[in-house]
Amino acid sequence: MPASKRSGRTERIPVAVLGVTGSVGQRFVQLLENHPWFRLHEAVASERSAGKKYGEAADWRLGTLMPRAAASLTVKDLGADLESRLVFSGLDSSVAGEAEDLYANRGCVVVSNSHNHRMDDDVPLLIPELNAEHVDAVEKQQKRRGSRGYIVTNPNCSTVGLAMAIAPVERLYGIDQIHVTTMQAISGAGYAGVASYAILDNVIPFISGEEEKIESEPRKILGRWTNGKFENAPFRISAQTNRVPTIDGHLMTISLSLRKRDENFLEKVRQAIENFSGEPQRLGLPSAPKRALHYIEDKDRPQPRLDRDRERGMSVSTNG
Amino acid sequence: MPASKRSGRTERIPVAVLGVTGSVGQRFVQLLENHPWFRLHEAVASERSAGKKYGEAADWRLGTLMPRAAASLTVKDLGADLESRLVFSGLDSSVAGEAEDLYANRGCVVVSNSHNHRMDDDVPLLIPELNAEHVDAVEKQQKRRGSRGYIVTNPNCSTVGLAMAIAPVERLYGIDQIHVTTMQAISGAGYAGVASYAILDNVIPFISGEEEKIESEPRKILGRWTNGKFENAPFRISAQTNRVPTIDGHLMTISLSLRKRDENFLEKVRQAIENFSGEPQRLGLPSAPKRALHYIEDKDRPQPRLDRDRERGMSVSTNG
Amino acid sequence: MPASKRSGRTERIPVAVLGVTGSVGQRFVQLLENHPWFRLHEAVASERSAGKKYGEAADWRLGTLMPRAAASLTVKDLGADLESRLVFSGLDSSVAGEAEDLYANRGCVVVSNSHNHRMDDDVPLLIPELNAEHVDAVEKQQKRRGSRGYIVTNPNCSTVGLAMAIAPVERLYGIDQIHVTTMQAISGAGYAGVASYAILDNVIPFISGEEEKIESEPRKILGRWTNGKFENAPFRISAQTNRVPTIDGHLMTISLSLRKRDENFLEKVRQAIENFSGEPQRLGLPSAPKRALHYIEDKDRPQPRLDRDRERGMSVSTNG
Amino acid sequence: MPASKRSGRTERIPVAVLGVTGSVGQRFVQLLENHPWFRLHEAVASERSAGKKYGEAADWRLGTLMPRAAASLTVKDLGADLESRLVFSGLDSSVAGEAEDLYANRGCVVVSNSHNHRMDDDVPLLIPELNAEHVDAVEKQQKRRGSRGYIVTNPNCSTVGLAMAIAPVERLYGIDQIHVTTMQAISGAGYAGVASYAILDNVIPFISGEEEKIESEPRKILGRWTNGKFENAPFRISAQTNRVPTIDGHLMTISLSLRKRDENFLEKVRQAIENFSGEPQRLGLPSAPKRALHYIEDKDRPQPRLDRDRERGMSVSTNG
């Protein structure tokens, strides 16, 4: 299926990015540069940016240079008809709900980073390493929409770390109750999300809406799509979220009560973490980390600054 | 009893400080300056400093100036005979155990910040706001020593925050299980305890020995001295400790399961926190905070930088 | 003249604060609470806040609580007639120029923290410790306006530190050339002025408009008001400004070439710094620091965190 | 000459590292791993580590894993006879002076990062991009020693940035006077060099011995080896050094007075920076950056966090 396997770069799949000037949108643009399968074909943003060249419309904040091909694209207005069928959405949640529905109803495949549709009854909330089979829900969604279009979503950034870390334990022993405390980096709030005057020499023990996401999303992700509906995993989660003065890398402490345990369960969990592999690894997808889960021996690890860049930032490091 | 009530400053009680050059020792020296009841009479440290003037022996690290009277004291060797009966110990744990026993056996009242004797069978582990009555254990200790001397201890710095915060809840409803995650400031490790290269833009999820202290000390503190022995409070504690890049002020998230609850229990706990008062407040002790516990409305509080100096740093701020 | 000397608090002078919801305006409100001479009588802000109670209109960011009397004031629209003759302006520079002229022309005494009128031909730019006699320019200003009203200004925050530090040297020996590099705290940019993502683990070697201010303002301040005009001090200044990750306290390195020097000039400069006293000290003004200039022995001082709170933050610490 | 050009990895040149357990020594070990020309053959350290395996003796602090081959080397005692002729020295300055002389006198080529011999009359102080021809001094040094061995040194880390940045200007116009203020990262002080309690929310305006190095070393580097001696470049340097809370990357402001100037001199300097190339670039040395000097347009650059990793940290970024 990937274009690159057929006849090289010229046939890469054209994609659109919604909310292309924002921090998530910029990340999509960055990741699409040199992607073997996809190429950025359409840049979409709110009225304020529409009609401008992307190079002028975006206040580029990432460490790498803005891709030249992107800079010369003319930004389209949110709601405009698109030529791309595949659409990545980095829209702000204030507009994502409606706009993503609009494009899905028109036949687009919308891959969204926004939280609006994550908990919808027929929308997959995907961590491909864990629940690739949830894409089966798409068929029901397409029927509802009367369209070949649909939405799939990815979770809150802290949810990813939590769900990945507990998945091997849930599978081996079953989890009854989870207490999690996060220490989240400022990058999670976007470029201007946290004022330095608020966070220097400080910790802020509150992130708006974050605890609700962390307490609900992992249950959907580790649950099952069965008989035409999602069945949540049975564990309960109690989350407390904090913003700490780190640039990148969310750290969390997780305390689990198991449904059962046996001898050497710590050792078995550890082996499960080290042997963990998911669908993206089996398919050899081009952006997938080699290993999505790592176990680090040292009792003072993982540390955000030392472990955040493992596997280009796409892996979860654990210790316990 | 306080000297100051009898006839003014000249009769303040003479005291000695053990480990007087270290960071805890320096803090004792600072707090004793201008104290209405006590005056620093003897400065005691290891062989390396003994014989020198305190002004030369100590590498003074505190924000205020070194008290002049202290600077001119000649440092005595640890183990030397002391004229003071009251002794404050800021000794490193590598030597505190033996040295504190030595002085208690010789008849001194040793008030220790070290962890060595905290869990001893007949040594009070005091937060005066919570368990002043534990001093009754001293009588048994004196018998064991065959001396009028004894040791009393204060807890680990994170234990204080945890024990104070949960005490009103324990008294109202009884606590079954506690999950606590700390985010501790670098000051807790002493001046040179944490290298900046280790902690800048980082969190270190391990503090040696800290979890053990936090999991045991509150149970003794909130327990009872009865029938000649300490009976621990019945709750269990699971602690995870982290070092974060803040200068001062330990923050922690606490998750409690209660033995019972009733309507409006959150409101009742809150009132209990706001009405909380302990023995130091009743006695009007000169160093005691007016209120040792505060409840802060805003959901993004307490924050270390904004709340650590409340009541000269001697109070615990909560929200929940 | 001070009200408090006549008959107590009830007759304190009523004052207005322009731009009362911003960070400078909030600081005015804070400093006016319990001021012995002044009381906040009118709160003035832009249309967006006008008509609301100050307690609702302001997103209070300071460490102390919002003064109750201020909270209940109804915010007046910028441009509205005022009852107070004395007006403190914390307006943003986008509106300060016109609005301050307006009130001065109507007869108000406008004390401004904005830069718009600082370099005007007949507007004093005051550091009362250094150039109190520049208020003589007010007479000419009143004539121009045909009003008893006028504007006086205070300098850029970094200018204050530089001008104070070099004043004793300029007076003793005359300065030819100044090279100054600033390392400025984030507080100088206002609450949301610097994103944490920009400044954590970083230094930003640019502050918009800052070098121009630092290169010009000290020359006016240390110059003279003579024959009806300001004559700049003759030295030249080359400034490079940097934002560093500190909360409060601007540090700067200053390199001076002197017009002359003599034996022991370092010692003489130092004595001049230690003996420095200005008009506010002579008058014993209620907000004035006891000593506006300090010389610190240790070669690794001043340091922002250790020295910024000296004299309630209103003094300059030097070493050299 | 390079082994790799002859017949592959097995014949790489064996080298020794002195002070191999320290932070500079660890960096040598890291850079030697997979080096095409050199292989770590001998690990040398003080008595305390001698006889142990390197894997046990070193408290490895770098982000990458300790190279396996290094871990299994037995550490030799400083002073022991070595099989390698090429020796890299990361010794502490307390022992470097004598030990480096010792090995040079025995016939070794000692490449030193320590400051002890930098200013010696016949020891090159090299930035290969700038003064590769200073190696001619080695001949005189060999005569003095009566040995084929010799010492070459590299400069203080801040000197490198300063010398590189000013070299194109010195060559084009000649420099009369330099004022430089550094804002140096904590990494420059070694792993435990700066306590977090000292530097968090702070700047320390003093680094022991640093100003002296920065004021002298660039004059030797940009000078000439002529008639059997070093002739310093004629400019004067006034340096003020500061430690700021950044992890890596030294930033400095530089103010220059030129001996002459012409039209468009800023543009010409800029072109010289962009066209700059040195001996390592001409030779295509395996560790050399492609471009050792960069000019960045944006007026708020360079910034330590954004620009420090350019060319694997081996380039200097400028703006002016």
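Chains here go by letter, A, B, C and D, matching the order in which they are written, and residues are numbered from 1 within each.
What we mean here is this: contacts are C-beta pairs under 8 Å (C-beta built on N, C-alpha and C of every residue); 3 or more make two chains touch, one makes a residue touch a chain.
These numbers were taken from a predicted model, which means no experiment stands behind them.
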item	value
Farthest chain relative to subunit D (centres taken as mean CA coordinates)	B
Centre-of-Cα separation between subunit D and subunit A, whole angstrom	42
Length of the line joining the C-alpha centres of subunit A and subunit C, rounded to whole Å	48
Shared-contact residues (touching 2 or more other chains) in subunit A	200-201, 245-247, 305-306
Arrangement of touching chains [line / ring / star / complete / other]	complete
Subunit D-touching residues of subunit C, taken from the complex the two chains share	179, 181, 183, 200-206, 238, 240, 242, 244-247, 251, 253, 255, 299-306, 319
Partner subunit C, residues of subunit A touching it in the complex	61, 186-187, 191-201, 245-247
Parts of subunit C lying in touch with subunit B, wherever the complex brings them together	63, 200-201, 247, 305-306
